[in-house]
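Next up, some structures in structure tokens.
The same chain A turns up in both complexes below, where it pairs with chain B and then with chain C.
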Partner chain A sequence: MEQILANGIYLGAQYAMIALGLTLIFALMNVLNFAHGQLYVLGGFVTYTFYGQFGLPFVVALAMSCLTLAIVGALLERYLFGPVIRRSAREESTMLLAAAIAFLLDAIILLVFGEKQRGVPKIVDGVFNWDFRVIMPYDRILICFLAILAIVAFISYMQFTKTGRALRALAQDRTAAQLMGVDTARYSMIGFALGAMLAGLVGGLLVTITGVNLGMGGPTSVKAFMMVMIGGAGVISGAIAGGIILGFMEAIGLAVLSQYGDITYLLIFISLMIFLAIRPQGLMGKPWG
Partner chain B sequence: MSVAGESRSTGMRHGINRRTLVGVAVFLLAVFVVIPLLIAASGRTDFYYTLTSVALLSIASAGVWLMFYIGRINIGQGAFALIGAYVSAILVTKAGMSFWLSLPIAGVFAAGVAVLIGLPILRLKGVYFAMISLVLTQVVTLAALALPITNGAKGITSIPLPGEVSILGLTLIPDFATMENSRLAFYYTACVLMVLTFAAMYRLVNSRLGHICRSMQQNEELASSIGINIAYIRVIVFAISSFLGGIGGAMFGAIAQSVYPSSFQVADSINFMLNCFLGGLGYVFGPMLGTLVLYFGWDLLFESGKYQLLIYASLLIFLMLVLPNGLLSIRLDRLRRTHR
Partner chain C sequence: MYRRTIIKGAAVALASLALTTAAHAENDTLKIGFVGVTSGPAAAWGISNVRSMETRAAWINEIGGVQIGDKTYDIEIVTFDDQKDPKRAIAGMEKMAQEGIRYVVGPNVDDGAAAVRPVAEANGIVYFPYAFPKELYSPPASNAVLGMVANYQSGPAIYKYLMESKGVKTVAFVAANESDPLSQRDGGVMAANALGMEVVSDNVTYQVDTSDFTPVITPVIRTQPDLLVLSGVSPAHAPQLIRSARELGYEGLISTETAQDATVLREGAGELANGFISVGGASTPEIASDAMVEFVDRYTKMFGEYNDESNTKVYALEYILETIRANPQAIDDVEVFKAAMDDFEAPNPFMKGNAALKYVGMTSFGQKRQVAVPLVVNVYRDGAFETLFVAEVD
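And now, the complex of A and B:
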């Protein structure tokens, strides 16, 4: 029981971070970012390169991941999403763009880093063992702790800084924010960069545990969509709730249903559909997004 | 959008005009006579497979396009294609049914599933519906892995080729297995299905139902307030969309003679959507053109080896920047200019 709880918290913290980035981008730009999983994979590969290949300290590698992804995110917004949103007749067109960017990132990752599964040396050795009731390697505890720290930092940033306030205003009502003197173009870029940076950060954190490979992008995006749907799209608290709920469901499902084979995800999907039929806007979302 | 709609509806009112008729005749001639002759002359019979795939994928994409027509982004067509493929495969291998009978059953089964699932999830709009339909693809893939009747990850293999159809001793469709060139036969079958699909789509879009769909695309509440039963219409449209998905998937299974849970995945669902986007959402024949361009583009880029995906994705992004409203919007611009 304690083990399941510990696993749930560990999975939930990571998932919440992935969902946060996706929901931020969605709230600001109304873009469903198909490429989010690929951004996550890219973050993992950057950390792998700096920490695993060049032997730099892990913190430096993590910072490089954040920086690279923030730049990538800013460029994507400035030169691709921004112009297309302005010019296209239907806002769904950005989905095609996002899907194409997902393909492009896949191609770049394939060319630069190859298709092999990559791992890095452990950051801390040893296993925490509480009387065989909770067994968890120390590096997982550290990553979980760092993830929670990052989430807290992100929320305080959104709550207490001027940029955060501008971003929240933008998410609430774009026109009104513009009338109040918010530079929408600039803050859209910052917001996209921030969302991409979160994906890069979690990619960098997780590469120390699960490693990273090219194929992880798509499934990660699908999971992130699920979390956002559980919590409600475009709501920060919803993304965190969705991440934690999905983390716990997975932890419980894998522990309880393991003898029936791989049906945990099937059950999660089906219960999600039933849940959404009853409450279409998710736990905390605004009705009809 | 509105310009295309008006010109189409006036076209219907005065009957189909001569230019349209000539266009359709040229298209039919090209598909059924010129292309087979060209392929026979050049000896590139592998093109049959490519073009057959294009025809079938465009049928499934037409369903997605219809969902766009009522303002829903459907990224779940892969799910219904997979359902169709499995239903047909199971009926043919386990029940020994004729493929030609299993094909409509597969479509109807997919449509039935769509009605059941659609009743709750069609209440969702915009991005929410897009995400849940994407999840749906994943659900069906996982269900295919878990259910006993679908044979798990091993899939259903060595499905027999479509057999003979005859009425009173008169052979309507010959047995595909005895044919020396079953590729050509599949090509013709797929093209006939495609032509039927798009003729039906054209008819549907210009019918009363089509007008209702357009009104729902613009504003569901308003449509509902003037007495349209929107819940009923959207379930019907979702069922038609899934029927087309099921048919496309079943044909694919018959050509490949095998079905696996990975036959239609999330990426395929996204591709169906991309086909519609690329062709243009305001045009009935958009999905056909989009599928042709995307599939052929991908195939032609095969020469570029490991840079295939990179070039393909860059081209997609470039197209998106230049023509954010789809390929057929070039034509729309030209029409607008001549009208002025």
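And now, the complex of A and C:
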């Protein structure tokens, strides 16, 4: 039981981090960013390059991941999503654009970083073992702690800074925010950069645990969308709740149902379908959008 | 003055064009196909195929091409990414047929290899899958040639070796929830039971997109087997599974029947991967020939980094070309190729000694529909593979 709890907290924290960036971009721009998983993978590869290849301190590599992805996010918004949103009222235009960017990033990642699974040296050695009731490597505990810290920092940033308030205003009502003097173009770009930066941050953190490979982008996006659907699209607290719920469902399922084969995700998908049929807006989303 | 310059330039351009055309006209082109997975989580499997073929083709073309009968051919590799989707694999094989390609390497997985069978047979294509279903290679099927050693051939050899040399008595299996790993797990369980080993866990599986294996593998580790078999594990998952198992305190042996990459293991699991047993090809220093060393060198120069999976995947193209060279009519007629397989034999350029390229598979399939690549069982130690033992498949 203790092990399930520990695994659930760890998985929940990392999943919440993945979902945060996706839901932020959706809240600000109404864009379903299918390339979110690829941004996560790119963040992992940047940390791999600076920490694993160049031997720079992990913190520096992590900062490079955040910076690189923030720049990539800003450029994507400035030159691709922004113009498309201005020129097309159809929502599927941005969805198709996001899918195309996902394919493009996959191709670029293959060219630059290759097809192999990549990993980096452990940032902390050793394993916490509480009488074989809870076994958790120290690096996972550290990453879990850093993920929770990053979530708290992000919420504080959104809550207490001028930029955060502007972004929240933009998410609540774009026209009203514009009428109140918010520079929507500028803050859209900042918001997209922030969302991509979060993907880069979590990619950089998790490369120390899971490694990174070219094929992780698509499945990561799928899981992120599941979390957002559970919690409610465009709601920050919903993304966190969705991540934690999915993390615990996975931890419990893998521990309790392992003797029946791989049915954990089958049950998660069935539960999700039933849940969405009853509450399509998710736990914390609003039915009117 | 200006007009004269233009005329001169045009003359030089025409002369260059004529020379280039003449140079290219010397050799015809022989197209060899590849249909397999080069994107997604299993991309490394297909990419190592494609890169092996392209490296070898470039090498052959550089030294003047391959002589078949009284003609010399440059080799062109035509590739198709099936994304590990059987429907796309069929489309890929149809594309090969439309291009008049008679010999195809791939697909990489069971369902893709089974799906392309009707297309290959209807269009007279011989293909070299990296998939293990016996019905593909057993009569009445005749167009598929297994490109590697199957798990039901390597598994028993590894288990027997470990029983005799390490006293292994209990074994646990863990596999991805996909057709290939699951069928390899089932084959492994049967082999272990046949050898008298006790199977303590064989029902734990994981999603192919799993990124954290600790919760997955915890119930398996609690059974404390002497040997943990990672059935059909992909190179992307192997280091993570090894790392999770070791971090959970597992001290027994870990093995797989699939080919792995030493760099990936080093980066992903470090010294925790020491002692990991896998199946490899012919590049360990003990058995690699000068040609194999040069192949690795050329591959590395072309693509920046070598992939140890190519130790096995270098062979398919070599078998195709050498069999056609020995039987030139086979270039357009796969029936000639198939008829020649029973008696074909040529020197194996990638291994030291008197190793031969020949087709095998009589014991497993009742006909020779498998390339004879060496069954090299490797153990990983400190960033490199060491040869544990070498065996042959008949």
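FYI, the second predicted complex is superposed on the first by the 287 of 289 C-alpha atoms of A that agree within 3 Å, B and C clash if a C-alpha of one lies under 4 Å from a C-alpha of the other, contacts with A are read in each partner's own complex, and residues count from 1 in each chain.
Please note the rule applied: a contact is a pair of C-beta atoms (placed from the backbone, for glycine too) under 8 Å apart; a residue touches a chain by one contact, two chains touch by 3 or more.
This is a predicted model, so every value here is computed, not measured.
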Open item on the list: Taking the superposition on A as described, I'd like to know which of chain B and chain C A:Gly218 touches: first, second, both or neither.
Closed with: both
- [ ] State whether A:Met284 touches chain B only (first), chain C only (second), both chains, or neither.
- [x] neither
Task: Partner chain in contact with A:Tyr265 - chain B first, chain C second, else both or neither - done: both
- [ ] Using the touch definition from the top, say if A:Ala99 reaches chain B (first), chain C (second), both or neither.
- [x] first
Open item on the list: Contacts for A:Ile209 in the overlay, against chain B (first) and chain C (second): which applies, first, second, both or neither?
Closed with: second
Open item on the list: Contacts for A:Leu110 in the overlay, against chain B (first) and chain C (second): which applies, first, second, both or neither?
Closed with: both
- [ ] State whether A:Val41 touches chain B only (first), chain C only (second), both chains, or neither.
- [x] neither
Task: Touched partner set for A:Met249, first chain B, second chain C, both or neither - done: neither
Task: Touching both chain B and chain C, residues of chain A - done: 106, 110, 218, 222, 261-262, 265
TODO: Quick one: which bits of chain A touch chain B in the complex? Just the residue numbers, please.
DONE: 26, 30, 32, 34, 80, 83-84, 87-90, 92-93, 95-97, 99-101, 103-104, 106-108, 110-111, 218, 222, 225-226, 228-229, 233, 261-263, 265-266, 269-270, 272-274, 276-277, 280-281, 288-289
Task: chain C to chain A touching residues, read off their complex - done: 38-44, 47-48, 177, 203-209, 211-212, 214-216, 218-219, 235-237, 239-240, 247-249, 261, 263-264, 267-270, 303-305, 307
Task: Touch list for chain A against partner chain C, complex - done: 3, 7, 10-11, 14, 52, 106, 110, 114-122, 127, 129, 132, 135-137, 140, 206, 209-211, 213-216, 218-220, 222-223, 250-251, 254-255, 258-262, 264-265
Task: Complex contact set, residues of chain B against chain A - done: 1, 68, 73, 117, 120-121, 123-128, 130-132, 134-136, 138-139, 142-143, 145-146, 266-267, 270, 273-274, 277-278, 281, 306-307, 309-310, 312-314, 316-317, 320-321, 324-325
